[in-house]
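Both complexes below contain subunit A, partnered by subunit B and then by subunit C.
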Partner chain A sequence: MADAVFLGLTVITIGSAIAALELRSLIYGSIALMGTLGGIAGFFLLLDAPFVALFQIAVYVGSIAVLILFTVMLVKRELIFKKIEDRRRKFAGIGLMLVTMMSLGAIFLESGIKDITTDEPAVDFRDIGADFVTYYWPALIAMALILAGSVTGALVLARREDVENDQRAS
Partner chain B sequence: MTSELVDYALVSVALLGIGIYGLAVKRNFIRMLFAVEIIINAANLNLVAFARFLPDSSGQTLALFSIAIAAAEVAVGLSLIIVAYRMYQNVDIADFRSLKG
Partner chain C sequence: MSVIAPQFKFSEFVKSLLDNAFWILFLMVLVGLPAVMMILFVIDLPVIDGELLTPFLAFTWLVDPTRTLPIIHALMATDFFRIAVFPGFGFAALLAAGTIFAERKMLAKMQLRVGPFYCGKIEGILQLMGDGLKLISKEIIIPAKADKPLFWAAPVLFVATAAAFVSLIPVAPGWVVADIDLGLLGVFAVIGFFPIITILSAWSANSKYPFIGGIRALFQMVSFEIPLILSLLGVVMLTGTLNLSEIVESQSAFPWIVFLPIGAIVFFITMLAELERIPFDLPEAESEIVAGWLTEFSGMMYGLVQLGTYLKLYAFAALFVVLFLGGWHGPMVVPPFPYEIITEGITMGPVTAQIPGLPLFTQEMLNGTFWFVLKTVAVIFFILLPRGVFPRIRVDMLLNLGWTKLIGLCFVNIFIALGLLYAGVLGPGGLQ
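Our next item is the complex of A and B:
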């Protein structure tokens, strides 16, 4: 049963990752990216990490994918449906992908990872919360500052200075 | 749970390969951001998988930090896309080569 779920999630995740990059329309591409991110959240559920899975759904599927979708909608219509890629680099890219997959896959299959199994119970998500407020609290504060700084930076970057407040940005 | 650690590692290698292909071939800024997201997710999958098989909570904690930092990166990346699109009326990175003010 778990294997069937794993196989299904693998097909969804990898298939929609390819679709996100290869579909002609950027809108369908970003919806396919949502499929990839949701599939990864499913893997997290299979790995007994429900807290990370919900975080993934809230942050990635809920906000990042929607943000990307809105940015795509701000772009001109003909650019959304135009495929911009280097044809000469296409085969080189596929070759690079295959070399990466085969070399890293061979390393993983040859290493001792294959024999690692576990019968121990999964990590309790309450431990993660305890980690956050004890050992990792400086990192948590730094992360909050980075997030606030990046959102402020994004707002400053995207602001238009040539438009008066009472004018519509058209 | 019957899937082994190596299965998750192979899925993440496949996602990494797809992301590298996207970064190498695509010239659309938004598609390249998709590829970066796919690579970050491959890394997160590895973190959580290893955290499950060596039962230890720090892998999941690191994955949570990674997701939050990725959110910050996407916010800045998308605003850069908007600024570049406003300047060049295009999302092709081949057009973004001039750094003139």
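Our next item is the complex of A and C:
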């Protein structure tokens, strides 16, 4: 059962990833990207990590994919269906992808992943939270500071002196 | 003579009825019965009490109440019953239908109108059925340059997402379709799909008004999702769980709205925005952009979107009840089941009927459902109320409200929850 589900998810994820790259219509491409992200959420569910899976759906499918869709819809209409064909670059890309995946696979197989026992119970999300505020707190603080800094920087960059209009909400 | 059908003849009408009956019988004998026999030939019939359950035996049992009640019991224990009937789709659709009628009638009374009046003789009670029949019989028109697969898929996906949301809501103790450990997170994940479906359907219609409405809906939903999630964190901190049933269990003494009123108010406002209701109905502003992202839908596609909208409304109201108003908790008002019916049977004159397996529902379940429905209806009333009172607000005011004021209030709410927790008022050692 789990193997069949794994195979189905793999087909969905890789197939929609290829579709996301190859489809002419940008809208359908971004829908295919949603399929890829959802498939990855399925992998997390198979790995007994429902917390990560639901966050994957809520953040990646629910927010990031929406932002991509939004950006795509604001692109000019001619650009959505524009054809850029270059066979040499395509084959070079496929070759590069194969080399990368094969080397990554070799590294994974060498890393002793075959010896891992997989009958562990699912990790409680409370344990994840406890780990975050005890063992991993410096990383958490650093991440928070970086995010806060980037948000502040973005706000500073996006700031504009608008013409004041007394009809706007203050 | 009827004006609608001037060529009407009663004899022709009777003939058409007889024709229909003949063809139905003809097809059933030639196609239907052989198909049933073939299916019976393939499936394995179960053996119950040493007897093979043939279709004849099944029909014999169906008319015997002592045999049917256990079957109903067994049916009620199945997942299908939960998904399709009680805490799931059927129950929610019934409440949603009631909501549509109550909304029209109540708004009319508030604005000194009559509202639905003629359909069904008594206060227009059959208006909804009439509207449904009209929507089913209308032609589905698809714009010529629309993106057809997406345009067809959008209403179905909308209803499916709303139904997925409904399936996470616990109605009575143990009566929930999907009792998952991370229920609230599941709610957040499901809510995230609504803007995607909205914008895709708006784009696929290839028309100006739906696109403007879809962009507005996307703006509104995405920016109000953040205060929505943040306003619920206070409850999660106090209960220490994401399971919605456990959150309800934690409110047996008092509902969380007593301690977290700010979170409840913020959640209510974001709820109005997520549901696209007045004063936040910019995506469907009918005085500016026809009907917003619903403009190009017609016939039953529009009906499906409407059904999804009201299912979503029920689900949000139920989520408010579950998180802030104590869910199914309330004083016991349902009388206990008279157990002499089980031991002695029902005596009607000379006949005494012995009916085993009678209490179909437990007292707790009936009481919980009663209080849950009462609270949900009250919350739905408060969701409907602004529609008769407020005007629509501008987009910049909406985004300003969502991104600055509501998020600020959410953090105040979170700090109140943390203060209660660390001061020892609630949590371990405190009241609960």
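FYI, the second predicted complex is superposed on the first by the 126 of 170 C-alpha atoms of A that agree within 3 Å, B and C clash if a C-alpha of one lies under 4 Å from a C-alpha of the other, contacts with A are read in each partner's own complex, and residues count from 1 in each chain.
Heads up, the rule we're going with is that a residue touches a chain if its C-beta (ideal position, glycine included) is under 8 Å from a C-beta of that chain, and two chains touch if they have at least 3 such contacts.
The model shown is predicted, which means the values in this text are computed figures rather than measured ones.
Once the two complexes are laid over each other on the shared chain, residue contacts for A:Leu69 go to subunit C alone; subunit B is not touched. In the superposed model, A:Phe51 lies in contact with both subunit B and subunit C. Once chain A of one complex is fitted onto chain A of the other, the partner contacts of A:Val61 are limited to subunit C, with no touch recorded for subunit B.
With both complexes superposed, B is the one of subunit B and subunit C in contact with more subunit A residues.
Once chain A of one complex is fitted onto chain A of the other, the partner contacts of A:Met34 are limited to subunit C, with no touch recorded for subunit B. When both complexes are aligned on chain A by C-alpha atoms, subunit A residues 51, 55, 63, 125 touch subunit B in the first and subunit C in the second.
Across the complex, subunit B is touched by residues 2-3, 6, 10, 13-14, 17-18, 20-21, 26, 29-30, 33, 36-37, 40, 43-44, 46-49, 51-52, 55-56, 59-60, 63-64, 67-68, 71-72, 74-76, 79, 83-86, 89-90, 92-94, 96-98, 100-101, 104-105, 108-109, 113-114, 116-118, 120-125, 127-128, 131-132, 136, 139, 143, 146-147, 149-151, 153-155, 157-158, 160 of subunit A.
Residues of subunit C that touch subunit A in their complex: 147, 150, 180-182, 185-186, 188-189, 191-193, 195-196, 199-200, 203, 211, 215, 218, 222, 225, 240, 242, 394, 396-397, 400. Against subunit A, in their complex, subunit B makes its touches with residues 1-11, 13-22, 24-28, 30-31, 33-35, 37-38, 41, 44-45, 48-49, 51-58, 60-61, 63-65, 67-76, 78-83, 85-86, 89-92. Subunit A meets subunit C in the complex at residues 27, 31, 34, 50-51, 54-55, 57-58, 61-63, 65-66, 69-70, 73, 125-126, 168-169.
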